[in-house]
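Order of writing sets the labels: A, B and C. Residues in every chain begin at 1.
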Amino acid sequence: MAILEIRHVSKFFGGLAANSDVSFEVEEGSIVGLIGPNGAGKTTLFNCITGYYAPSKGDVVFRGLRMNGLQPDKVCRLGMVRTWQKVRPLTNLSVLENVMVGALCRTNSLFEARRMAQEQLRVVRLDQKGALLAGALPIGERKKLEVARALATRPKLLLLDEVMGGLNPAESEELIQLILEIRKKGITQMVIEHDMKAIMRMSQNIVVLNSGEKLAEGAPEEIVSNPRVIEAYLGAEV
Amino acid sequence: MSIFVQSLISGILIGGVYALIGIGLTIIFGVMRVINFAHGDLLMLGMYATYFLFTQFHIDPFVSIVITMPLMFLYGAFLQRFFINRVLDALPQNQILLTIGLGLIMSNTVMLAFTSDYKILSTRYSSSSVSLHGISISLPLLVSFAITTVITIALYWFLLKTDTGQAIRATAQDREAARLMGINVKRMSIIAFGLGSALAATAGALISPTYYIFPQVGSSFTLKAFVITVLGGMGSVIGATLGGILIGVAESIGGVYFGSGWKEVVVFVLFLLVLLFRPSGLLGKSRT
Amino acid sequence: MPSPSFIRRKWITSAGGKRVIPLLLLASGVALLALIPLSVQSTYALHIMILTFVSIIMGSAWNILGGYTGQYSVGHAAYFGVGAYTTMILLQFRHIAPWYGMWAGVGATIVTALIIGSICFRLRGPYFVLASIAVAEIFRVTALNLKDLTNGAEGILVTELPPLKFGDTVITDFTTKVPFFYTGLITALFVIFVTRGVQHSKLGYYFQAIREDQDAAHSLGINPALYKNIALVISAVFTSVAGSLYAVYVGFIDPGTVFSLDVSVQIVTIAIIGGIGTILGPVIGAIVLVTLSEALRSNALTNALIHAGLVNADSRVGVFLKENLSHAHILIYGILVVIVILFMPQGLLGFARRIVTRKRKG
């Protein structure tokens, strides 16, 4: 069953189309990889899905509900949350408090929020660092903090925007394991990533964007052998 | 009808002075992204300098500009070098508070030196006017507009034609890129603040024959300067020129039709409307 | 190794039993303060303390919006003035006692705040600051011009307060400063208490999340517009109460003393100097500012300089200082703001804390 349906979504800025007529579905419980060269419109699509932009055309349907024009906070409360390509920690709050802010979306009690936050910090293995200020974390841990904070809002669908960007191989591997672990909890994920190997390992389904349009969609092995993808995307890098 | 024309003309004339104030603020903002809340106080210093030179040395206010302008340029450069420069990377709020603090120091120091009494600088021509087709125009206002025009043209020439001017404009467009191009950004900032301060002080000198002079006179001009720059688009010199004239006219005509007590409200309401609906200014491209 | 400033300040967040000692200290401090009017005869000392209480209320109120939520309003004079004017108009022209009028002021302020919020909160950063100033200026000019309602530039002078009665017993007739002292003390304590409550609640976390990163907060289920308006209303209500208190205490207001940009700047200064986003910051800021500016106003500073032999009372400098320094008490606001922004951007409290942590480490 599809948890998220993107139906003919277009987003124009002035005359420029950042996304044009993109359609695909995200199966519940799966990991969907969203790839494409820089400027392909991946982050714009995330923004359209999570309420930061209203799509110029088309519909975003989440669990049977049309989301167009819903504000990000409503989107989050309905169970869809995103992380940021450029991490956005709440710098002057502690690591634990950062995650508590996420948890407070589901509870009014600080006590309960603290408990939920500690639980998520354990998931990303930051439970020893809860008392530090978020601004003091190195980049790898900031990325994990973003994931923990997003998870604390108890999402059904988690959108990760280049969560491995800027990490060393060991840290990336840790995050891949984390993403696979999150999947086991039944949380659907949509992942923007540049590391093709990582995407191949994690995703059940891959959507390729190019110049704002959907170029291809399919299982990882189909995508790597798709000549159009190789030409437009992989060809440019290899 | 003649009342309308008369207030239109005097609005344009006073608008020229407002333009000077606005241009100074917009250059400072453009180059440093700092909103200078002490701008009106710099203008106030210009007024007092003019008053001082007039009463002590009998130098005509319009002539004393040649002394006031370079002095205030140096003063502005000093402020930039030792104060503003240190908060360029701080939160905008802290920059604002720093300039507010500097403004308070200026106005209160002047109060210590000159007391808070209202001073009047009365020249022979302070209240004289020229008549044209039944429309009377204040003479000092006319002269100040002429001087404003000359200064504005000179300023445009400086910014467009000289190397330093172009470097300033480049810094205003993209500080980082300018630095990479080998422009001495720090020096440009000092020049920009000096220039802004000299322009504000000149405006102060020009209006001193027609305004009350008192230590707190600056704050209303600071506010006006913001309105002008926001109307014109923050950082745009042409925008500030037109914005100044627009505010002069809006005040003048608003004063006639809503009563002089309400003219400031007209300006502030206009300001809020622009902030809300055209945050990049009347001339700027609308936000997408 | 994280730098000292990144280490969580334990004494604020520590839980449970450790709080007993500070609590006891607090209680005895409050008790001492409450006893002051019984032992201190000097009306001048009481006057300074009343002003300090009003400043604490103003600074703490601003702190909720500016310090915790990160919305640097430089237009809080609007709420201060609306409170002051509503109370004074009702008192002088309608003979309604200020302890009722104050609530009308609060009501008027809430309406004002929601209107201002709906306009200004669409803007961010410097644009928000500019808009908040513009709105306050509109109020000042309006108060100047609506002469029938506000008496215009002449202001409102209240000569007599009705006695406060409980049944038939007169509790106070406001002939001394003592009732103002207690009103100020209780209100200031209440505001501090509320700030503490906010800080330790969902509301406080949401406010701070918006301050730190509005977009990130939005993605985590926080409606920024809603919570900014909540912070504004809390902040404005207390500012309005401070305005009412100040007006009734001084007995005179005009647009320049309650609606001007100077008032807004003073409010911000109190919080900044002490340290924003902390409970104690505005308290410290209020104490420092009121003491210093009163020392200037009353010529205490000049007298001290003369006593110390640094300045000759009859010399030109001495005479000049005596005549003028008292008029320039605002100067101290300016100098303090500049020093704090340049050298201790975390305020006096943060500065002190840094020194303490450094000492402990070294």
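We take it that a contact is a pair of C-beta atoms (placed from the backbone, for glycine too) under 8 Å apart; a residue touches a chain by one contact, two chains touch by 3 or more.
Quantities reported herein were computed from a predicted structural model and do not represent experimental measurements.
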Completion exercise
Of all chains shown, smallest offset between own Cα centre and global Cα centre goes to C
Fill in the blank from the handout: Chain centres computed over CA atoms; the one at greatest distance from subunit B is chain A
Practice task
Measure off the straight-line distance from the CA centroid of subunit A to the CA centroid of subunit C, and report it in whole Å.
Solution key: 44
Fill in the blank from the handout: Rounded to the nearest Å, the gap separating the Cα centres of subunit B and subunit C is 32
Handout entry: Distance between chain centroids, defined by C-alpha means - subunit A, subunit B (Å)
Key = 49
Handout entry: Partner subunit C, residues of subunit B touching it in the complex
Key = 35, 83, 86-87, 90, 92-94, 96-98, 100-105, 107-109, 111-112, 115-116, 219, 223, 226-227, 230, 259, 261-262, 264-265, 268-269, 271-272, 275-276, 279
Practice task
Would you tell me which residues of subunit C are touching subunit A in their complex?
Solution key: 2-3, 6-8, 200-202, 205-206, 208-209, 212-213, 215-224, 277
Exercise for the section: Provide the residue numbers of subunit A that touch subunit C in the complex, in ascending order. Expected result: 50, 52, 71-73, 76-77, 81-82, 84, 88-94, 97, 100-102, 104-105, 108, 110, 113, 131-133, 135-136, 149-150, 153
Practice task
Would you mind writing out the residues of subunit C in touch with subunit B in their complex?
Solution key: 72, 74, 119, 122-123, 125-127, 129-131, 133-135, 137-138, 141-142, 144-145, 261-262, 265, 268-269, 272, 324-325, 327-328, 330-331, 333-338, 341-342, 345
